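Chain IDs A, B, C and D follow the sequence of writing; residue 1 opens each chain.
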Amino acid sequence: MRFYSDNTATTCPEILAAIAAANRGPAIPYGDDPWTQRLDAVLGALFGTTVRAFAVTTGTAANALALATLTPPYGAIFTQREAHIVTDECGAPGFFSGGAQLMLIDGEHGRLAPATVAAALAARPVDVHGVQPAALSLTQATELGTVYRPAEIAALASLAHGHGLKVHMDGARFANAVAFLDCHPGELSWRAGIDVLSFGATKNGALGAEAVVFFDTALVRDFELRRKRAGHLLSKARYVAAQLLAYVESGLWRRNAQRANALARQLGSVLGPSLLHPVEANEVFAQLGEERKGELRSAGFEFYDWGPQASGQARFVMSWDQPEGDVPALCAALARAR
Amino acid sequence: MRFYSDNTATTCPEILAAIAAANRGPAIPYGDDPWTQRLDAVLGALFGTTVRAFAVTTGTAANALALATLTPPYGAIFTQREAHIVTDECGAPGFFSGGAQLMLIDGEHGRLAPATVAAALAARPVDVHGVQPAALSLTQATELGTVYRPAEIAALASLAHGHGLKVHMDGARFANAVAFLDCHPGELSWRAGIDVLSFGATKNGALGAEAVVFFDTALVRDFELRRKRAGHLLSKARYVAAQLLAYVESGLWRRNAQRANALARQLGSVLGPSLLHPVEANEVFAQLGEERKGELRSAGFEFYDWGPQASGQARFVMSWDQPEGDVPALCAALARAR
Amino acid sequence: MRFYSDNTATTCPEILAAIAAANRGPAIPYGDDPWTQRLDAVLGALFGTTVRAFAVTTGTAANALALATLTPPYGAIFTQREAHIVTDECGAPGFFSGGAQLMLIDGEHGRLAPATVAAALAARPVDVHGVQPAALSLTQATELGTVYRPAEIAALASLAHGHGLKVHMDGARFANAVAFLDCHPGELSWRAGIDVLSFGATKNGALGAEAVVFFDTALVRDFELRRKRAGHLLSKARYVAAQLLAYVESGLWRRNAQRANALARQLGSVLGPSLLHPVEANEVFAQLGEERKGELRSAGFEFYDWGPQASGQARFVMSWDQPEGDVPALCAALARAR
Amino acid sequence: MRFYSDNTATTCPEILAAIAAANRGPAIPYGDDPWTQRLDAVLGALFGTTVRAFAVTTGTAANALALATLTPPYGAIFTQREAHIVTDECGAPGFFSGGAQLMLIDGEHGRLAPATVAAALAARPVDVHGVQPAALSLTQATELGTVYRPAEIAALASLAHGHGLKVHMDGARFANAVAFLDCHPGELSWRAGIDVLSFGATKNGALGAEAVVFFDTALVRDFELRRKRAGHLLSKARYVAAQLLAYVESGLWRRNAQRANALARQLGSVLGPSLLHPVEANEVFAQLGEERKGELRSAGFEFYDWGPQASGQARFVMSWDQPEGDVPALCAALARAR
């Protein structure tokens, strides 16, 4: 039974069906097809405002292209120390932006707080010698499975805007955050001040599709050109757009996230004090000890180590297609182990 | 009836079936899945040598990542003036390489000849003031629908290697070239001196899949890191690999190309002296005059203008799924028009 | 006697004296010194308009920083095929801009003509697939020692502006152009539509100083940050500014250029039909034949070959400090040779 | 009386004299002059080993070019949190390298310790998802005026080399470090494992000159090309080389540093417990309180605030040309203030 990552999951049948349904007759390539042409309207309806939405196939592309659009090459991108853009994208923000510098800020449970962001912004004068504060990037849900509340986002975005920064949200697990708060997606994005959102679908059931959603549409031409030259404008664009349309229009995005969240909650409920972070999305982090981890692995449970080497920490990620019996089995094994 | 581009085509049923077949159970992400793990062997068998093969989703990514691996930021990439990397990738080679300069060389019918390449290489001394000759990029089939013979490639590659350059082949329509010459794919690649090949599948029936095939495997670690940071390593990599495996193992790559080539030949045979370039792959370029083009369009034929504005040139591209009646109908209309 | 390049020249005594004069007491570094603070006013007075002027130490830095400010990473820079930025800056425009593509245009005697620039701009539609036309770069005087007239610049700049391009002038030998036309420097720059000028001093007597002069001042903050991160903001900036002030305020820029031009004219007058280009600035290009070049070299004259290998072409460059007897001696030797 | 920075200093008479002495007759440009040609030998003699040495005009250029030579675009550069390359070069390492990421490590008094570097290197596995550890950059003397001992450097370099990293030293104040330890410059560089040193002269008496000294000479061709395309190869290179030759051959580098260090020591000796860092080079950091700082400023002493806003910290930097009376006056004022 594997709890490695929601990336190990299959593609949702509804998504595959949408791809197959799009496979009828010729279509103008590079996004001038009827599927891609509907993205703005469908995403706009979802978020309850006017948007420009662009399909790409990976979260790294979505994040790095969005950030490059917001940040000059001499810009500074403020973000939480454990963010995916810091640790898992092989320097993509630096590459796409032409050298922008990541400014890492500590934050409990993967979240940033206004006070520490304000301190980072105040840490030195903005003069020609330093990189120029340009963007704040928040991750929702965070890399540690926690979720920002609307007011928290609004406070951070307001602070950032007050310093002239644009605000990006890495929403690879945005659906899980919405599902946890049971709120309107607009509350966690534009209404709270987000300028650009990487709205993930891949981890939550798509084959390979992420929407970059611009609430601030002034910069979209720049984005389109950056996407093209980065090789992220697919010729047969309809198949990526079709995934996103099915994901949004069928409500799949919310259902899949709800199920994965529920499984995580179930697991979290038996872990008690060994939990390292509140379980709010579809990830569970626990201090189990190396011995107990070994026992679980011997019993056939697959999951990643977390934290420093031999720290005894483990991460369990629930996928949209996690078999029903997996979590009960893991809970039972945890009860046995130790 | 549309002859815009092979990019307007649908995805082959066999490719879709392979994607669906890969949609079973969890798989380790980012290429550690069984499908991706077979790419080296399957592509190696196809080419008849040891290769390292990497899947990406676009031709621009394949070309630019390959070139960035071959070329330092201060490098010069020699290529034919009308090559796709020059005109249709929004400067991707410059972006991925960190500023390498394209050196454009004239060449008849989209092809380079050793004499002009030699002249370009000799045009100035290699000193610290100029960009450093680093790579030669050939397009096979060319942007003008013509095909290099093995000996032509060998002569160009040998010249390039003699000057210390690596040789890249943009094979977005490589299958069409092999189909035209009815040869072994090795003859047009490593046996003729190609170091890295962008082996296209998307235009020829895939949903979105290209293989970057390294015959010179020394640089693959650099490639892998560049691919990751460019956002071109898909988390659910199995679905791209599965496309390539089906494309190669079923012989689809050759069959689809043969059909499209045959349709182009059929069209070319009625165009006589108005043909602008030999019809060797799946593209037909003709001097029709603006009036005749207008008549064809009124009759429902869709195709792109070519050449300078109002030059009367037209491009017709045959797709793997071109309906049977399209070409006869176009031939008839051409007979009527004028 | 050497005619290699005006780069082989010494530094003018007036310039050295200005450096020494600036060597009094402490000065705030990085351009907040009294010398640098006067650059805008002194250059503004020279050009007869409001400018923002920035000192750097090399022509490559001046050109590449200016172009990077005018051009997005996916931009196209149109320029004459033999321009210094194409052949002698090791790809600096691509590096500083993050990958912009140089678009090379033919032009007689090193000059561009509106017709060929218009053709280049019209060569293909501006869509997301191609690099975006962003800047036109003119060299004045050109790499072949010729000079654009004000009306020629105005025609080119107007054409460029009409297509949304900014216009840069590489004025490494701008003083020589002004001296040749005996005009006001404003006529060859902002009045003719130049947006940014690299105003050279190094080749014409400075130790190492070039001014980047912005007539369009909207982009100067971007320029300042790019200059800093490129390592081209000197801490002891006063010594570069002092060179430029002495160069401009003493009239040195014009006097030195006049002398070098006159020497070139003198040499040109004896070369008759072997002249390859009109002698308008301080460079002379001649078709001498390899034999005659050998004779001159045996007689102690130093100069560079030009053109393709063994083409018999030679380049002679006059420096501001060329000894009086050099040109008569060379003229005599030319009369003897053959 | 100003204690802002050693950048506010004048140029040493000996350096100006050397520039004037180099101002005789023509010289081949771009480094093929007799002054530049002697750099390797003169710097090699100074360090007691074979070196390749290159002149540039700024510390930012020296550091960023050196680091770009050591680091691929997807590389990670480990350095102390307060290093100049982090805070004061406007992202130059990211620009020159094409996006390398700075990995900031805490360290007391501006120095790194092996344990924290080891922890940073062990913090996560080296896989394709993260930037690749490529270089360690040490600052000597540090930004906080402290000095690494030879054994400390050796321990750090050995650790770095053991992980496959190259080791760079930012020696903008290297002379001050050597003067403090009264040791051989080789002991603080190649003998301790440094691969490339930015050997500063500008802050210590030059007009604008830094030597990039390669002890590991394998990468120098890459460096030369990067320098050229960055606009840091001066045409009249002799004037930068002449500065470095005078700086080294006359012993100026050591004498100037000794004097500035002695002045700092003198000031440090009266500050007692308010000293924030050991005074080992030419900088003094003190916790004075905002009130006392105000009193000093009213009395005509100029210096920079340090640390967070209103933290009461001050930085005093001694220049090679600091007037004799400055430090006694400051000491007296400090005794009065409070």
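Simple rule for what comes next: a contact is a pair of C-beta atoms (placed from the backbone, for glycine too) under 8 Å apart; a residue touches a chain by one contact, two chains touch by 3 or more.
Just so it is clear, the model here is predicted, and its values are computed rather than measured.
Undergrad: If you tally the C-beta contacts for A-D and for A-C, which one comes out higher?
TA: If we tally the C-beta pairs in contact for A-D and A-C, the bigger total goes to A-D.
Undergrad: Based on mean C-alpha positions, I'd like to know which chain lies farthest from chain B.
TA: With centres defined by C-alpha atoms, farthest from chain B sits D.
Undergrad: As a quick test, compute the distance in whole Å between the mean CA positions of chain A and chain D.
TA: Measuring from centre to centre gives 41 Å for this pair.
Undergrad: When the C-alpha atoms of chain A and chain C are each averaged to a single point, how far apart are the two points in Å?
TA: Distance between chain centres: 50 Å.
Undergrad: By the touch rule stated above, which residues of chain A touch at least two different other chains?
TA: Residues 30, 73-74, 89-91, 95, 98-99, 128-129, 225, 228-229, 233.
Undergrad: Within their complex, state which residues of chain A touch chain B.
TA: 2, 4-5, 7-11, 16, 19-20, 23-30, 56-62, 64-65, 89-92, 95, 202-203, 207-208, 225, 228-236, 239-240, 319
Undergrad: So in the complex, the part of chain C that touches chain A is made up of which residues?
TA: So the residues of chain C in touch with chain A come to 30, 72-74, 98-99, 128-129, 132, 222, 224-226, 228-229, 233.
Undergrad: Give every residue of chain D touching chain A within the complex, in rising order.
TA: So the residues of chain D touching chain A come out as 73-76, 87-91, 94-95, 97-102, 104, 122-124, 128-131, 308-309.
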